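The structure's right below; bear with me while I get my questions together.
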């Protein structure tokens, strides 16, 4: 372990030795620029770490291509929110790769089952009414939810969410929190990067705090909330 | 082994050629690196300018360089119109692709109209000093080639200063990167983008005139130019004028030297070899930064 | 969303029309010249459909497909002339060879996106032009290569007829393949690449492998069309086989018809192909045909950037219900209400 | 006009279909050939047409110097427009594909400008090249002359630069083969693609090798550009020979009148003593306001050849008539403005070209000795 | 008098049905109006209309008493209206320096520009630290800070903020809210869109709930905060827990 990634002179992650607990809702918090997104990018193979390794269960995923990691059961959302702009919501969700061959979908019965599942996720995230709308015509928050639906469609076992609450209406947020807990109960592992402390504190089992590319604290919410270093580095006075 | 004299002569020829390439590629750098527009018609405009220079000389009997007085403003205006009338109406999401096609269409029209107006006949300016040359350490330097090189150097320096040192340069780049945000800081994005395009075409006017001094022109000649120029801007790093200039000199030199052992046709492949090598080793180009649109 | 009758209407009916048209055209053509124009149009249709495997699915605009067709033509010709293969065996082997060659080409070209890819594809044409011009000991250089007739002694009109049917078959094969891909997850993955490549990758699509695969498929069809052309036409000249213009016409056709539609490229090929022939007859003595082609392309880009078929369907839709209200609109209160009902029903 | 309707004769015009490169790479010579054809039609019609009163009507299409196009053009002319006769376009590169169309429709194909060897090894049975000699033989007289020079004067080294074009290379390499066989050394041998516009490097290579003689296998503009580039480097050979370009009326102006001593082969001379030539020069000059050059003559010759066959066979339409025309040409000699022409089975003519040289501001025939208007100047004066 | 006022605005995108259907709001000088509502309600659309990015189909936009309906962003900026967009709108391929200084594009006075640049550097340390890197390479939150800094290079009469706290860490969020208060106290009119609704309403004078393009309810911010039904529908069930003070 001991992940390290430097961009030119900027060291984004420096020897981060982090362990997230399978089957739990983990949170990763830290000030802006502390390396959280970079950490996600390393884990999902979007960028290659300079040093260190990424291990999922007993599989070493270091340096593997993003799609390989995704197929190993790691799904993620993007902080900057990325959808397929000229595809409808339902197509966006269907585009997630799921088990089954590449030619899957030629049989009508398969197709129908898939479409039903896609609708199911849109409904759970409250954007079912937008199923036929193209993603580019959606508001920020709607796209955020759509992205989440796509990730969930792939049925990953480990789900990395980069600021799921950013721009999402608080009323809906409660439901996302509930959803996360439900899915967690089904056995999925979550790692959530978030600045919304209410959400973090209420849904996570285990919190890791980053500062300048290093983990400075880890533990259950109550412990983190009281940690001096965390207060100083992140939560502010 | 080629003689030292030939080698030196080839180096001189290569540098002169490279200078011209740099000027011809400068406009492409502007549209492409700064505005994300693939301007296939750039070389068609070069040929158009060359034709105008030839025509000025042929009909009015005056020096082709004088045609610049007319062609530079004319092309600038045409660029502004082109941008405002056509390119700015394309959807930003598909701008790159659609710009390829629309500028391709323009190239076809220019080629067709040139053919209509001047026929497909090859033309060449007949200058009193066309074959004049002087000796430089044993190599011959043709006067016309030197003039073209000088034009290139002057225009490139002017362009560089404009982009680097003026508010206009900044505004142009901001416009391209986030149009709404640029409007919100008070930039007249329409005008800025139009001027940027006009500037690119103005370099085509200068380049075409320089080109016309020492080469044959015909309407479909632009196809011959577009490949090497594209290769130059990729190798140079999209959007970097100094990068394009360096790549142009280097490739011009390489082409000229490679012609000694390989012959003219194979030597041209150096552009594409360099292009593919660049993409394989350093897709961002050798002289520009990765996201860099630095001037 | 996609019910049976609709897909029959948008896929089955045009397919039937196409088959009937291909079957009847040769006997309806008033003279051999019209028939030969028909062959040319079908050639364009195959090329445009083949191009659309890459352009339509992945959104990578290749101006270099002319080069792949040229390669197919030259490979076919050289296999006949130098290796002594029978014409159609040579055609098949050539398509396989070009497909194999498309792997390294795609490997280099597909590493870059957007505008850089366009440049690379143009460069592909120009570099092949230089190679085929220079390497005259093998290719014949600009002296050209004469491909022996596959049906020696056949008179010209019969020759045209035979090739018209060959092209027709190839077109149907290409369309069928496209349709299958479109329905498959593979196709969905490719479309995701078109929209946002990194995102697709993160969702588990092996984007590079997908792109490469579809590029190879596209290259194979393109090479088949090019090879058939070589057999039909008989004379290969690098300047015309490796011309940026060819690739550009292909793009124009696909775009005009609509790249997201199975029949878009075919329709585009028919429109542009016929227009090209018409302009030639009409403006034969002037280069104005270039101007008209340019104008046509410009108009398409400016006013129908999605192509004829989508523009027309949109128009029909708009005429039917003036306001686009396919999206149901609900307030947060309504949603909460529905949710409550659902939950009540569940428990 | 004979209007008596007997023997299949009528006053329907005889439609002759032609595709020519009026735009694109070969447009300049293409237009020359067009004038030749037009002059032929006018002169013939003024005399009452063919077959006892049928006028000649030309149907000319532009193939844009494009081989795909030229095929479509002949396809259209034969298949759709139902022309009675077809004659050829300009340049070997266009002649080969179009001859095949004619062959497959069973048409006679007389052509003015397919001079390279490949025209004749395609197995065409319907093709006839209406000029005195094929490309490889253009310099025959020059080669003979040079090889006959005494050892001290004979050029020892030669540089060749040829466009990558069957015809242009044919001329240069025809000469090269003969000179090499005669012990003259080749020091530079460059080939450039048709679209080359920058000749600086080639010229530098030639100049650096300092050969006694430079031979350019050129069409038109490439020849001009190469000469200018050589002059920019101040290279002074003892002899310089270029195909096609120097016989063009624009040539001298294009290189700033520095033409001293440049040689060129030609198949035609305005002063040639052949019977029909006087009439041609006269009437052509009246029609176009200037004397005909080689390209015009080639077009005219083509017309003459076809006309002779038509008169002899007594017919001019598609179908069986075409084979009669072909058969007749294979076994007869036709008198033309470039002299009597006869062909072997492949359609190859059996003569040789003359050699011209720029002397002062005029180009004059210098070889062969029996046709010369001036003496060959060797070594040539500085340019 | 209100610095900016939208009267009965109808607006939408392309040919689609309108997003705003008769929306009105007024922001007096020296006050903060907070706009909340579910995703897709049309909040960002309101700000786009107010800033001139989107022309309304009907209705009026009145700035400082003058009717500026249909004016473009340049005119709006000249009239003193500035908008910070939702999401990310830095000029990615320009440096932080260039981004910030472009914020002062309309400021001709050089010393004034330099003074402001220094001010924003002090306010957001990261802006100064990364002065020469390309903005597109910064982390999400850092980019937001650069954007906010960019908007502070001018001194507008009306500030339109579209979810300024999104993606920001608690410290930076506090900085922004402090800045909002400071601007209000200096007499600026602030129209704030926030999903961090409770926090925003605490800062705001007036609140306005938008749903489906219409004003659902509006009133003094503290009253909205107290409304239990609004809480469930729009503000989230749990009342905000303040970070523990040290």
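In this document, chain identifiers A, B, C, D and E correspond to the written order of the chains, with residue numbering beginning at 1 in each.
To be clear about the criterion, a contact is a pair of C-beta atoms (placed from the backbone, for glycine too) under 8 Å apart; a residue touches a chain by one contact, two chains touch by 3 or more.
Molecules present, by chain and UniProt name: A, E = Branched-chain amino acid transport system ATP-binding protein; B, C = Branched-chain amino acid transport system permease protein.
All values derive from a computational prediction rather than experimental measurement.
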**Asked** From subunit D, how many touching-chain steps at minimum until you land on subunit E?
**Response** 2
**Far-end chain from subunit A, centres as C-alpha averages** = D
**Message:** Farthest chain from subunit C, going by mean C-alpha coordinates, please.
**Reply:** E
**Request:** Let me have the rounded angstrom distance from the C-alpha centre of subunit C over to the C-alpha centre of subunit D, please.
**Result:** 41
**Message:** Can you compute the centre-to-centre distance for subunit A and subunit E, using the mean CA position of each chain? Integer Å is fine.
**Reply:** 28
**Message:** I'd like the Å distance between the centres of subunit A and subunit B, where a centre is the mean of that chain's Cα atoms.
**Reply:** 46
**Sites on subunit C at which at least two other chains make contact** = 130, 133-134, 286-287, 329-330, 332
**Message:** Multi-chain contacts only, two chains or more: what residues does subunit D have there?
**Reply:** 22-23, 64, 164, 193
**Prompt:** What residues in subunit E touch two or more of the other chains?
**Reply:** 16, 37-38, 41, 137, 232-234
**Complete:** subunit C partner, complex, touching residues on subunit B are 32, 36, 38, 86, 89-91, 94, 96-98, 100-102, 104-109, 111-116, 120, 219, 223, 226-227, 230-231, 234, 238, 263, 265-266, 268-269, 271-272, 275-276, 279-280, 283
**Request:** Would you mind writing out the residues of subunit A in touch with subunit C in their complex?
**Result:** 44, 46, 65-68, 70-71, 75-76, 78, 82-87, 90-91, 94-97, 100-106, 111, 115, 126, 129-130, 132-133, 150-151, 154, 169, 171
**Prompt:** Inside the complex, what are the residues of subunit E that reach subunit A?
**Reply:** 13, 16, 37-41, 44, 86-88, 126, 133, 137-142, 144-145, 163, 166-174, 195-198, 232-238, 240-241, 243-246
**Request:** Over in the complex, which subunit A residues touch subunit E? Could you list them?
**Result:** 7, 10, 30-38, 79-81, 130, 137-142, 144-145, 163, 165-174, 195-198, 201-202, 225, 231, 234-237
**Message:** Per the contact definition, I'd like the list of subunit D residues that touch subunit C in the complex.
**Reply:** 22-23, 60-62, 64, 66-69, 71-72, 75-76, 78-80, 93, 96-97, 100-101, 104-106, 116, 118, 122, 164-166, 169, 193-194
